[in-house]
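In what follows, chain A forms one complex with chain B and a second complex with chain C.
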Partner chain A sequence: MTSTETSPPREDTRPEAARGGPSGPPRQRKYSASERKLRRTGWLMVTPSLLHIGLWTAIPVIATFALGFTDYNVFSPPRWIGLDNYVEIVQDPVFLKATWNTISYTFWTVPVSMMLAMIIAVALNQGLKLQKWYRTAFFLPQVTATVAIAMVWLWIFNPQQGLLNAFLAIFGIPGQAWLADPDWALWAVILVGAWQGIGIKMLIYIAALQNVDESLYEAASMDGASSVRKFFAITVPMLKPATFFVLVISVINAFQVFDQIYVLTDGGPANATTMMTYEVYRSAFQEFRMGMASAQSVVLFIFLLVITLGGRRATREDH
Partner chain B sequence: MMIRNSPTRVRVGAISAVAALALGLSACGSESDSSAATTSDPDEVTGDITLLTPIFEGTEGQKLLEDELLPQFYEEYPNVSVSVDYTTYGNLNEKLTTAAVSGAVPDVMLMGVGWIEGFADRGLIADLSELGLTEEKLLESYTPAIVDAGTWNDGVYAVPIMLDTRFGVARMDLLEEAGYDSPPQNWDELVEMSKALTVRDSDGTLERAGFDMLSLDSRQAFETMLFSAGGDLFNEDDTAPTFNEDPGVDALQLMSDLINVHEVEEIGFSSPDAAVNPLLNGRAAMGIAHNNLWTQGLEAAPEVLDDLEPFVIQGEGEGMFFGGTLATRSATSQSPEAAQAFLEFLASPGPALAANEQRGNVPALSELLDSEYVQSNGFVQFAMENLDVAKREGGPAEWLEVRGDFAPAVEATLLDQMSAEDSLNDLAGLVQTAIDR
Partner chain C sequence: MALTTPRTTQNPPLAAVVGKTPPRQHRPNARSRNKVILNVALALGSLTMVIPFIWMIFTSVESPAELAQFPPTFFPQEWHWSNYSEALDAAPFDVYFRNSFIIATGHTLITLVLGSMAGYSLARIRFRGREIVFISLVAMLMIPTYTKIVPQFLIVKFMPLFGGNDILGQGGTGWLNTWWALLIPGGLSATSIFLFRQFYLSLPKELEEAARLDGLSEFRIFAQIYTPLIKPAIATVGLLTFQESWNNFLWPLLVTTSDELRVIQVGLAVFQQLDNTSWHYLMAGTTLATVPMVLLFVFAQKYFIQGFTNAGIK
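After this line comes the complex of A and B, so read on.
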């Protein structure tokens, strides 16, 4: 039983009319001149944001939903085709592969980068020497253009002159065509994604660690708990709210991966690394099928909506 | 080191070209009542126009266009001003799409072979013959196949500036070491020689590919082999794909066999973005290459240029592919005469030659075969001399929609994931659906 259920009901101090009481329909509340002025000022203050959201978010989102039901090639007016785009999406093996690739990419990059980010955050929270330098170094990939990062990784993955194969050769391990071999290409992309995602997650964890009560660790130390025990019994549970937040944000970001695919693999080889966002791009800008791209975007939106709502529910239940 | 035109030579070429154009189009003017740009007094042609270009990229290209070519154009057309929007072929689609959506379509757009049909069909680009540039006129200066790349439904929608060709290239020093004195004359010889020229170390690691196909975009490599097999992409009226017929299947099967059966190259051994083409550093003995390999060789390995021998890949047909860059005019241009005047200027001998030199490409104008640049560039000269057997990609208006589907299909077979027949049949299904849509 929750504390809410056991608490006595609070007295409603509002006027009866405002509560919709038995005396009839609620009357319109009359605001004083100063209240009206305050309300007008409030609306004035939020108008720029409302306009911004309306113009750049609401209208495009509504347009995307509407265009998803049309055949629209940019050069001629949209033609209503009902659910045809969605039927094609369901039957399109490339989009299904892209969906599966996106799920695989998310499944591997998010937990791996979260785990590493938490470990690094805890390590950097111990008052190491050069702590700030390390924090900057780990955060650097987050603020570096993905295209630049991808170019570096292109060199690392190069089968002939690449760093990775040269490193493996030291141990006698044969090199691979990391980005050209369909068995390895997705893993290579996942590695880049996981590495790049560590920085922001680490930053959130470091911030969350500042709120963990030191007395908990002191008490555990007095009880003879080891560092590992303290990590799992105190740190991990206390970071749970941050973990949920990082999880939801990371999953959404992972589902929206695009630029590293664009630069590293172009979705290949043989669609081995194509993602949902990349298919949206291909439909829109390579095939000029804006209607199809819109429908694919709606599918992606639904995925993200479900994930976000799931995350919210999990967070709410946790609290 | 790259040989460049001196500005003086470019200027003389451009002025003579504009003069020739004026002479030629004065004849056109008598045939048409429309006020063609070149039949008007250049002083009367006015307007602020925009150019969208995937060529003239980089510092060198920008310098050529802005410091050399535009001043020449302004000398002839003092009342026209040109704003340039630089892009790359990779981003051109996005630029054109957003331009079309926003209604701000550039007045002059340079785009690729195979693009014209789609944009002409959708009404984005104008029929240039409305201002006097007729097919007959173009045929005086270009080969029919090149003119065909700029036409759609009996209209002329684009004027070629430069061509990108792909053909076979052999490292003759390596062939001679192996006892061969000429490139392969047919597919059997291609396979036999490729196998003999492949070198692996004691661990079996590939050191030298007998025949490199991976340094080229897989769609274009397949198209070159398809043409070599005597096949075509589409039927004559471009209403159905034919690349999945026997020649196409044979071509893709050959490519797959070379990798998976004869093992003359391995996936990952090279790629289109490789820093150095393996033919230049001896990591490949033969291969399919772009004509600008010569220019790359001039900069990276001039000592091997004498050993590079281009050849048409012979099968049931002749394997040589051409793409290229063509100049088009927006159908909604507010200054159509100024736009067409600028388009014709860019396609005229002087500017076209300079642009080709800058990119190491093949001039589309037949008369430039005798130019110093062409005569000094072995691959460009070879390409121009063999343009009559070259075939291009494209055909139906839907080509732009489907061309991106070729690479995954070809790669699936090269990776031994699907048979050549299944890959091409699946692809043909997609293409047919797009055509019928």
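After this line comes the complex of A and C, so read on.
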């Protein structure tokens, strides 16, 4: 398979070498032979990866868009139904609920954890002796599996023996059946998402803070600016490019929330916590409606594309 | 998965990220007072991050009688380490653990070998079509998991000549419930190729020119000259791959149903669904699923931090 992949560049180099031949120095011909070999090696080294990405990413993406126009249950061949899936999606109250839940989950987890992450990053930039330990603690939820973390939170949210209700009882606050109550379940999921998401955002902010010019703070100090004033007048504006970057990747990640939903609520109660990803999963692997699942994932993809391009544009205007 | 800006080139060197910054000029009194406030706030924040993990471990050694107490106790009255061996009788967590380890190691090896070769080629060899290959790769970086998961599953299911399938992929189960499905599709990501390319790009050009003049083959230049120079990058990409693979849930959930091939994250979810009262066993299993990543992170922190800062991925 590699020989077929490498032959085009070998053929393609010939006219180029011939063109360069007469005008070039006498060594040109010999150089071209090794150049040709070099190009072949280049293709040889990249081909296995290209085949892998092609089969497991490029083809699936195209197939997703195509399958979105079909009715397909795996057992019988796909049937072309045009836009029917999309018409159904728009009218499906559960998918609309899932879309709304995904947006609220993102709307609450991302800004809250970004704000906390920025403050923590600034605090960790003050040269404290224990800062390495603090950073490890804040980053810990990021390296551990979301499923494992959700399992621990499932136990924390347990109405009878859970830690959260016991903690609230100390202050005389009545406990809740957090995950079983349609009014609370989404908030519980949001809490876990915000808690877990601080680490990565903090890390990017810490890296960005290294680029902030120290002399700005010195000048502000000489003008008698307070720490709070310096934070809002220097740190926040200087972190703006990092903030855009963090915002885009966080929104993209939040839109794809799945593992904690699976463990904590299974989308319930009464679809109170179902997400777009969860509906894709249900359509494909519980109802075996591969066409519908594909159409739903196309909708999710369009959301993410708009966010990414919007973020790009905002970042570019900023520079 | 989502990688929006190639940040590698803009980032400060790792030492700057990890290292301390000199304290700013303040009056001594105000400075020490501020430090106390900061320390208290950060310690409380850190505690909020760590307490769930501590409670996980505490729960895993509590007796069923203690678990049933109301209000719940935070510190275990007695440490029942035997819970761990009993948990293994309740569900084969050792098998799940082994499977996760094999898959994470496999993914890491495939990524390091294929990803570094592709990254080197894209960074240092001018071959025809390189730009197109690179641009397509960047486009693939943006593809979210859910936009490829359904066809990926179908490719696995209809893999020709496997699992009783004929040449057209009909009649059997293909790669479903096989090691192939667990090891191959997740073995390589566009992100790792992209990261490797960035690292190879940062090395000086003189080395390759000298080596090429000496008549070294391109593969030897790659393997013996350039790759040893990016050892930290190999550690970074390797650890990120291992971590992502160990923590992956959705894919192994979709392609396996048998206990022998179940990974630990899926094993936990299945155990919880079958038995939602044995919290001590569940937390013992969760501890097993968590501890390897925590240890890996604590001992290789700087590589993790470099990787996450560069890629901004989870």
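Rule of thumb we're sticking to: the second predicted complex is superposed on the first by the 266 of 319 C-alpha atoms of A that agree within 3 Å, B and C clash if a C-alpha of one lies under 4 Å from a C-alpha of the other, contacts with A are read in each partner's own complex, and residues count from 1 in each chain.
We adopt the following convention: contacts are C-beta pairs under 8 Å (C-beta built on N, C-alpha and C of every residue); 3 or more make two chains touch, one makes a residue touch a chain.
No experiment lies behind these values; they were computed from the predicted model shown.
The superposition on chain A brings chain B into a clash with chain C.
In the superposition on chain A, A:Q161 contacts both chain B and chain C.
When the two structures are aligned on the shared chain, A:I249 is found in touch with chain C, with no touch to chain B. When the two complexes are overlaid on their common chain A, residue A:V74 makes contact with chain B and with chain C alike. Within the superposed three-chain model, A:T144 lies in touch with chain C and out of touch with chain B [touch as defined at top].
Applying the stated contact rule after C-alpha superposition, one finds that A:W133 touches chain C and leaves chain B untouched.
Look at A:S297: by the touch rule set out above, it reaches chain C but stays clear of chain B.
Contacts of A:A284 after superposition on the shared chain: both chain B and chain C are touched. Of the two partners chain B and chain C, it is C that touches the larger number of chain A residues. In the superposition on chain A, A:T64 makes contact with chain C only, while chain B stays out of contact range.
Looking at the shared chain after the overlay, A:V90 reaches neither chain B nor chain C.
Touched by chain B in one complex and by chain C in the other are residues 74, 154, 160-161, 284-285 of chain A. In the complex of the two chains, the chain B residues touching chain A come out as 93-94, 97, 100-101, 118-119, 122-124, 205, 214, 266-269, 271, 273, 275, 400-404, 407-408, 411-412, 415, 417, 434, 437.
Chain C makes touch with chain A in their complex at residues 1-5, 7, 11-12, 16-17, 20-26, 34-35, 38-39, 41-43, 45-53, 55-56, 59, 67-72, 74, 114-115, 117-118, 120-122, 125-130, 133, 136-137, 140, 142-155, 157, 184-185, 187-188, 190, 193, 212, 217-219, 222, 243, 246-247, 249-250, 254, 265-266, 268-269, 272, 279, 282-283, 286, 289-290, 293-294, 296-298, 301, 304-305, 308-309, 312-314.
By the touch criterion stated above, chain A contacts chain C in their complex at residues 8-9, 12-13, 34, 37-43, 45-46, 48-50, 52-53, 55-61, 63-64, 67, 74, 116, 120, 123-128, 130-131, 133-134, 136-149, 151-156, 158, 160-163, 166, 169, 195, 198, 200, 203-204, 206-207, 210-211, 214, 217-218, 221, 227, 245-246, 248-249, 252-253, 255-256, 258-259, 262-263, 276-277, 280-281, 284-285, 290, 293-294, 297-298, 300-301, 304-305, 308, 311-312, 315. Residues 71, 73-76, 94, 154, 159-161, 174, 176-182, 266-271, 282, 284-289 of chain A are the ones that touch chain B when the two sit in their complex.
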